[in-house]
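So the structure is just underneath, and the comments pick up after that.
Order as written gives the chain letters A, B, C and D; numbering starts at 1 within each chain.
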Amino acid sequence: MTPYLSVDDRQFAEMISAWVAEALPDEIRRKVFAREVLSREEYFVWPHILREKGWSMPSWPKEYGGPGWTLMQQHLFSVITTVAGAPYIESMPEKLVGPLLIGAGSEAQKRFYLPRILNFEDSWCQGCSEPNAGSDLTSLTTRADLVGDEWVINGTKIWTSNAHHSRWMLCLLRTDQSQKGSRGLSQIIIPMDSPGISVRPIRSVVGEHHFNQVFLDDVRVPYENVVGKPGDAWQDTRRLLANERFNFARLGQSKWHLTRLKGLAASEMDGRQPIIQDPVFRARIAEAEIAIDALEMTTLRLLESESRNREVGSAPNIVKLQGAEVEQQILELIVDVVGPYGTPFDGVARVQGEDPGEAARRAGMLVADYIEDRKFSIAGGSSEMQKNMMARHQLELK
Amino acid sequence: MNFEITDEQRMLRESTERLVRDHYTFQKRSSFFATPVPVLKDEWAPIGSLGLPGLLIPEAYGGMGLGFDAALPVLEAFGNGVVIESFLATAVLGAGLLAAAGSEAQCRAVLPAVAAGQARVAAAHSEAHGRYWLNSVAASAKPAKDGFVLAGKKVLVLGGNEAEHFLVAARTSGKDDDEAGISLFLLERGMPGLTVIPYRHLDLSGGADLVMNDVHVCGDALVGPVGSGLPLLQWAVDRATAAICAEALGSLEMLIGLTIEHLRTRRAFGQHLGGFQVLQHRAVDMVVAVEQARSMVLLASRYADDPADAARTQAISGAKVQMSKAARLVGKHAMQIFGAMAITEECPVGYFHKRLTVADHLFGDREYHVRRYAEASGY
Amino acid sequence: MTPYLSVDDRQFAEMISAWVAEALPDEIRRKVFAREVLSREEYFVWPHILREKGWSMPSWPKEYGGPGWTLMQQHLFSVITTVAGAPYIESMPEKLVGPLLIGAGSEAQKRFYLPRILNFEDSWCQGCSEPNAGSDLTSLTTRADLVGDEWVINGTKIWTSNAHHSRWMLCLLRTDQSQKGSRGLSQIIIPMDSPGISVRPIRSVVGEHHFNQVFLDDVRVPYENVVGKPGDAWQDTRRLLANERFNFARLGQSKWHLTRLKGLAASEMDGRQPIIQDPVFRARIAEAEIAIDALEMTTLRLLESESRNREVGSAPNIVKLQGAEVEQQILELIVDVVGPYGTPFDGVARVQGEDPGEAARRAGMLVADYIEDRKFSIAGGSSEMQKNMMARHQLELK
Amino acid sequence: MNFEITDEQRMLRESTERLVRDHYTFQKRSSFFATPVPVLKDEWAPIGSLGLPGLLIPEAYGGMGLGFDAALPVLEAFGNGVVIESFLATAVLGAGLLAAAGSEAQCRAVLPAVAAGQARVAAAHSEAHGRYWLNSVAASAKPAKDGFVLAGKKVLVLGGNEAEHFLVAARTSGKDDDEAGISLFLLERGMPGLTVIPYRHLDLSGGADLVMNDVHVCGDALVGPVGSGLPLLQWAVDRATAAICAEALGSLEMLIGLTIEHLRTRRAFGQHLGGFQVLQHRAVDMVVAVEQARSMVLLASRYADDPADAARTQAISGAKVQMSKAARLVGKHAMQIFGAMAITEECPVGYFHKRLTVADHLFGDREYHVRRYAEASGY
């Protein structure tokens, strides 16, 4: 899509490409490509390389240790490193905690937490969804009551990624019980080693452990752990995160899956010829590639509007909707290209390190990503909610 | 990065929009549909009076000498209306091909008149069994004294119903599907042996078949070098492909606008149609499809004037594919949402659905362009 | 699908096939295949052949001049004759007027109208939709007021097929103004030459004249023209038409389109080879053929349930939904196979008989059927309504 | 015309349903998913005790000697549960192939034990680069004294993890992809040179790769005539294809049931999920897809026992295509409607989605069967 980049942005992109080719260790790249699970130590290799370069928090302003990049530069950095095979870094501290503290936190909070985030000293988790509030976050029931100078917190959070190895939870809960819906909610930072917290692992449909349910039972934290004015969390969060919407495109991820798809289609044989020479698969792959082109252009149009402070209309919803659809389309194609060889999947062997047989090794975790692929149209505001919002606000249908 | 339009583009867009409002809206042309046998009145003069036929023609030949970017809003605005005049066929395809391939004498003989709105030039590249493949040329051009004799049949000559000049692809050597051996010739309506069979397309735009029964032309009717017409033709047809996508975008916007208005106002079962969640989501799907198509049109337009290469092919074929997806989805949903009404000539929805269906099959359909995209992408 | 037919039904099917191959005039078959419009005289050729054979009203019982066929036999007859290229016969007199009169009409009505229908003496039209009642037929406003022994009728009907050459209209209207919704509606037979009737033609999107708008302005008809008990029309119609639901599959039409599709795909060239050899088109055609197989089997399952008086559940909705979808899928494929040669369409030439050029002749009316193809998912209860009904009644979602 | 099931079928269905309820429901086997490393306990005995492995085995060899129609409700009921035991692999594919192709001595040696639930037989027809094509056989069987020596590798042997007997396709003549020259051999687990590498599939059903490192077998290990194994294999795999469609139908019914229950009970935004029109229509789409798939399964099952011909291929490939469409549509919609919950091991929705994904790629995917259908249909 280079015809639409300015000269400066093109140079920036070339610089990042050259750097990541050098800086990303081959073994990390290989494991990521093979969809192998990284150990905790391996996971931190890439973050620390970024930290040394000063790029650990790409979206943060310079005064807090970020590189001070434009939205366009952040976008290019994210896409280029992902396509190069850099591992995913849990983005919630950068994209949620950081901006929230910078925008609404106290000086003491900023001084304490921001450098720790910058240096990957602590892991964070986000206490958001609840068992009886699926897509409807305003019906949260976890509560914090002010008793003396402490919040006493009770409730249950679910789908909490990484709760099992996090030091802090940024928890969205109700501090004003007299309010309903989106009012009266606050964000409170809870140390995960607080008495009264218990964590139940939720294994994913393909046997991985990312999610947890977190029970909060009379958990006490100091008053000053609330971020911003109590009761304003919903408004703060909405406002501060406005700029992050285009990340929902997951463009880097989809482009990277496409690279893997084309590689597999060129090597997997359908009897005499590689799958990619089969006209039907060939057409499906080209259609997916075109869908990525369109997504990229729409993302660039959104970025331009954002950077010019123009009305963005429904562009963020479109990018979110299409981002999910395109990634799902490509993951499905990968499964179809791998075909019968994607069927074996030895969970036991994967966890225990046993030899799962050649076919199982070949398929790796490719099918697993497909099985879970609805998460892109569920998390972060389901596709149904995106459409409801667009219909109501942009199209004014009712 | 810049998606903003320039002041010049804005002025051009505004004057074109005014032109369409004054002459070419569905309502203005509703007389087409009011009688059992449509009476089609071509109105080329208003287009010519704005100088639009010369948009892409070099200034040396009396045109505006602008780039494809400038044509984009004009085409989009035309797609909003019932423009059955052969603007794309003449100003983009015919004149574009002649300006790129013709000699100075040929350009001087034809282009100033085209730019002034006094003549039209159409490209005759299709034959009856070649489908979208430009190398499928069986019509022959054999050397004769002082020139060539052309024989054979060309079909689907866009704008051929009203063109005075024709750029005809004919074979000077090689077999029917060879890439080499195709040459271009400039023919005139009324030449002995040349029969023009005009017709209308589904959307009332015009076309023609040409029957060449030993048409004698002088050597200076040859456009470009002998036997190497294919790349020029491919380039010009690619640019016309970007143009038809831009026109289709205008028609899609019209359908979206009509549909949303209908959903907001039409009532059924005690509420507005727009209150039904399935129709809300369907309207969203339509908007999303159009925005994705718009993105690809913008990309294609950046490449449209460039020399042919893989990135250009990907951008243009990608745009046509995305446009095809949008045209079908939006056309079908709009027809369904309007219900029985849409199936009448009185309702603009059906007209724009037809227009998009024609666009969908001009210059290559989805399958054709998917194939070209895959080849250009290197697999 | 023969493995599921009984021996008797197989023999019946073979008998019908052999007969239609003989009885259907070649010129009619050719015109139908070429999608040419039949003249009024040509239109009546096939009905009169059927009448001579005693098969003009396939669904009527013997006592009223029908063949007394089982549902299965009616189904086979309809599919086989359609696939053989028999022209469409306006079915409303057979399928609507006949059953309504037989089930609810007076003896005098039966004696007068039924033989005329049987012999194709008069054309009928159906006054059903109104300008402000699209899918929602219970909001009809055309009214009939009893003045002395006459109904005085006022209102407007729209989408009235063949009103311009019909002798009678069977008109659904409100006779009891104190009732709302589906109650208080009656079916009244109106002579189309009655004073106060005016007919406005509505040309279709491809320039054909089937539809009309009919204005009824103080139209007077005798009291005895009402069919059945006044006010009960909705219930009568529902009950009597229950057996006709499987006709919505339009299986014969789709199979016949498929024949045309495969013929065209074998003759249309894509440069060097026929389109049907292109793997992408080949796959699309095979998918359509499989969809027809599934539709046929589902229709047979519905027929079996009907014939055994079992609960049919949502089968009629499924057949209606899939029937529309399959036919649309095939019409779209025909357009894609014809490709660029489908673009020309000279309405003037078609109407005036001028020579529209070779390409236009080749494309004929094929694209026109595609342009109008939403009618299958609009008429007879739109696909949206079918889904609403299924969700509410079969799946009990609310 | 008769879609009614017989009393015998009804009894078989009811006893199978009871069997699944007692041993193989998702809830009964939830211990698989409760621990970080699933502990899989195969339970073949209950299946054997009902005599189900002998469903299709001739009575002469201790089976029930029934037709495929009788297997239909059994397979459907198994698809409703978490049956990871290799019923289809043994009772339909392995035993079916041996009964059709084996000598009386071979049948007598293996089938009675299989029918009694004391042994299992798996078919090894796939190789690492052949995808779904049964003629892709590189594993070799070379004549040796008193028999043959087999070498090479077979992959994706369904049920191979627990089978005692293997029917192996190996090449006795010709080149890798030749249709002729493929022979079948009956091998035993534990033979010198034969390594079985077992694994689990995504849905916890079992498979294996076989490595044959100069496995010596006697002449009487040859199954059927030399070099003509392909048609037999194709016939048996086709019947197994019909069987996997029947199993998938059971899984689809389970997903539909779970989804509708969820829509009726789960609340969001102040109402039941089932009150949202888009979810209502989506549920309808799911039901329609399953009913169309069921129709095709019924058709395929009528042909499953017949000798191979074009109509049989169309029915079976058509069923697999329709099943693939339904599996994807229902799987995705169910996952989306259940939301985050579906993405956990605790929720049966994800399990059945995995099961259907495995079924989708067993014995040929949609593209493969579309191609076979087109060929059988004669174009």
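In this text, a residue touches a chain if its C-beta (ideal position, glycine included) is under 8 Å from a C-beta of that chain, and two chains touch if they have at least 3 such contacts.
Protein names from UniProt, one per chain: A, C = Pimeloyl-CoA dehydrogenase large subunit; B, D = Acyl-CoA dehydrogenase.
For clarity, every value in this text was computed on a predicted model and none was experimentally measured.
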| message | Report the chain whose CA-based centre is farthest from the CA-based centre of subunit B (Acyl-CoA dehydrogenase). | response | D
| field | Chain centre separation (subunit C, subunit D (Acyl-CoA dehydrogenase); CA means) in Å | value | 43
| remark: CA centroids of subunit B (Acyl-CoA dehydrogenase) and subunit D (Acyl-CoA dehydrogenase): separation to the nearest Å works out as 53
| note | Check: subunit B (Acyl-CoA dehydrogenase) positions touching at least 2 other chains come out as 276-279, 281, 367, 370
| note | Residue numbers in subunit A touching two or more further chains are 278-280, 283, 384, 387
| field | Chain contact graph, described as a line, ring, star, complete graph or other shape | value | complete
| query | Which part of subunit A faces subunit B (Acyl-CoA dehydrogenase) closely enough to touch in the complex? | reply | 1, 3-6, 9, 72, 262, 265-266, 276, 279, 282-283, 285-287, 289-291, 293-295, 297-298, 300-301, 303-304, 314-315, 317-318, 321-322, 384, 386-388, 390-392, 394-398
| message | Taking the touch rule as given, give the residues of subunit A at its contact with subunit D (Acyl-CoA dehydrogenase) in the complex, in rising order. | response | 129, 134-136, 158-159, 202-207, 209, 211, 268-272, 278, 280-281, 328, 332, 335-336, 339-349, 351-352, 355-360, 367-368, 370-372, 374-375, 377-379, 382-384, 387
| remark: Seen from subunit D (Acyl-CoA dehydrogenase), its contact residues with subunit B (Acyl-CoA dehydrogenase) in the complex are 276-278, 281
| Touch list for subunit D (Acyl-CoA dehydrogenase) against partner subunit C, complex | 1-3, 260, 263-264, 272, 274-275, 277, 279-281, 283-285, 287-288, 291-293, 295-296, 298-299, 302-303, 314-315, 318, 321-322, 367, 370-371, 373-374, 377, 379
| said: Under the definition above, what is the set of subunit D (Acyl-CoA dehydrogenase) residues touching subunit A in their complex? | reply: 33, 36-38, 40, 126, 128-133, 135-136, 153, 155-156, 177, 197-202, 204, 207-209, 266, 268-269, 276, 278-279, 328, 332, 335-336, 339-340, 342-347, 350-351, 353-354, 357-358, 361-362, 365, 367, 370
